[in-house]
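Data first, discussion second: the structure below is written as structure tokens.
Order of writing sets the chain letters: A, B and C. Residues in each chain are counted from 1.
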Amino acid sequence: MAVEKRALRLNTRGDTDILNITPQIAREVEASGVSSGVVTLFITGSTAGITTVEYEPGLIQDLREAWERLIPKGIDYHHDRHQGEGNGYAHVRASLLGPFLSIPFIHRKLLLGTWQQVVLIDFDNRPRSREVVLQIMGEP
Amino acid sequence: MAVEKRALRLNTRGDTDILNITPQIAREVEASGVSSGVVTLFITGSTAGITTVEYEPGLIQDLREAWERLIPKGIDYHHDRHQGEGNGYAHVRASLLGPFLSIPFIHRKLLLGTWQQVVLIDFDNRPRSREVVLQIMGEP
Amino acid sequence: MAVEKRALRLNTRGDTDILNITPQIAREVEASGVSSGVVTLFITGSTAGITTVEYEPGLIQDLREAWERLIPKGIDYHHDRHQGEGNGYAHVRASLLGPFLSIPFIHRKLLLGTWQQVVLIDFDNRPRSREVVLQIMGEP
């Protein structure tokens, strides 16, 4: 069994910025010493999350509008009263979306659908430098 | 360590069709050469997702109604203007729910709760043929 | 490769009770015979879920209020008509949040963000005794 830890460093613009990170993940899995298994992505932060989507400008806008309807920026959050950073909405969105994604791969190739892209969503209200951990596990 | 890839092929009716796939997953894990570990399910498509629920007709209807309230079908989506397939809502729902589920198992038996079933939710607006990948990993 | 199954037993108060379970998980991973890999948490129940959040009283209240807005307790659920337990809302919330979380670790230390805590959310309408399964997998 092999375990290989990799990490992506990404700069985001904040405000529900949605980044396609599929090429970087595919590259790390391909360069690894693990031929078949699962890669677990984990974003080490409380105001961002990971999911999949067809990465197309219309849908990216739809996603951002849906998050604004589901957990609006403009209402009061207790977090903002205590901490004053104004990003309470971002914490709640991230908690609902979740910080992780596990993707199976075979022969160092991710088993994604044709139009299915992996995205990092940064809900925070300012640009951030983010780290996504990749734990690649499986057969050498 | 052992890694075994399996796949389920499923026909869905679309329109937030909710299928109980627990028996098929249990069968694949039981038939595998892996005795203890984790099975990672992944749906290779952008308009469907995977989760757990007590599979009971009342709840299935509740789930479908909740999705309609959270991300309605009847509003405008930018995706539909660009692509014209009318399934923008399905993409957004799938992205919020997530395409994967990881379930621990011991002695080839899934560690689910008594009433906890694994479901595939197909949000798309037409019948589809779907593939769910199962990556079974652990001790032989 | 090593696979070690652990379990946490927790008493919750119900009604979207949010428990910080990070210390217990960190302790189990540290005490395990696995040095680097992934721990998969799974709650074996249909009315609770697992996610991450900055565990701070303001945010905990924000989370509870967001869930009440997203999937309200006070509306009619088909499940409650059939079963009469009045926890239909809890099933729907749990299904949306998801029952699992996978966290990478290195040298028996979880790779979480500084303010990122793992929480069990019990949506049920009464106190429950809960079991969270931990499947710890990786290199010895």
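Heads up, the rule we're going with is that a contact is a pair of C-beta atoms (placed from the backbone, for glycine too) under 8 Å apart; a residue touches a chain by one contact, two chains touch by 3 or more.
All values derive from a computational prediction rather than experimental measurement.
Peer 1: When chain A touches chain C, do the two copies use mostly the same residue numbers, with over half shared, or different ones?
Peer 2: different
Peer 1: Angle of the rotation mapping chain B onto its copy chain C, from a C-alpha fit, rounded to a multiple of 5 degrees, please.
Peer 2: For the C-alpha superposition of chain B onto chain C, the angle is 120 degrees.
Peer 1: Between chain A and chain C, what distance separates the C-alpha centroids? Give it in angstrom.
Peer 2: Measuring from centre to centre gives 20 Å for this pair.
Peer 1: Of all residues in chain C, which are in touch with two or more distinct other chains?
Peer 2: Residue numbers touching two or more other chains: 1, 38, 70, 96, 98, 102, 137.
Peer 1: Under the touch definition given earlier, write down the residues of chain C that touch chain A in their complex.
Peer 2: Touching chain A from chain C are residues 1, 36-38, 51-54, 56-59, 61-63, 66, 70, 96-98, 101-104, 106, 111-113, 115-116, 137-139.
Peer 1: Hey, which residues of chain C end up touching chain B in the complex?
Peer 2: 1-3, 5, 38, 40, 42-46, 70-71, 77-83, 88, 91-92, 94-96, 98-100, 102, 133, 135, 137
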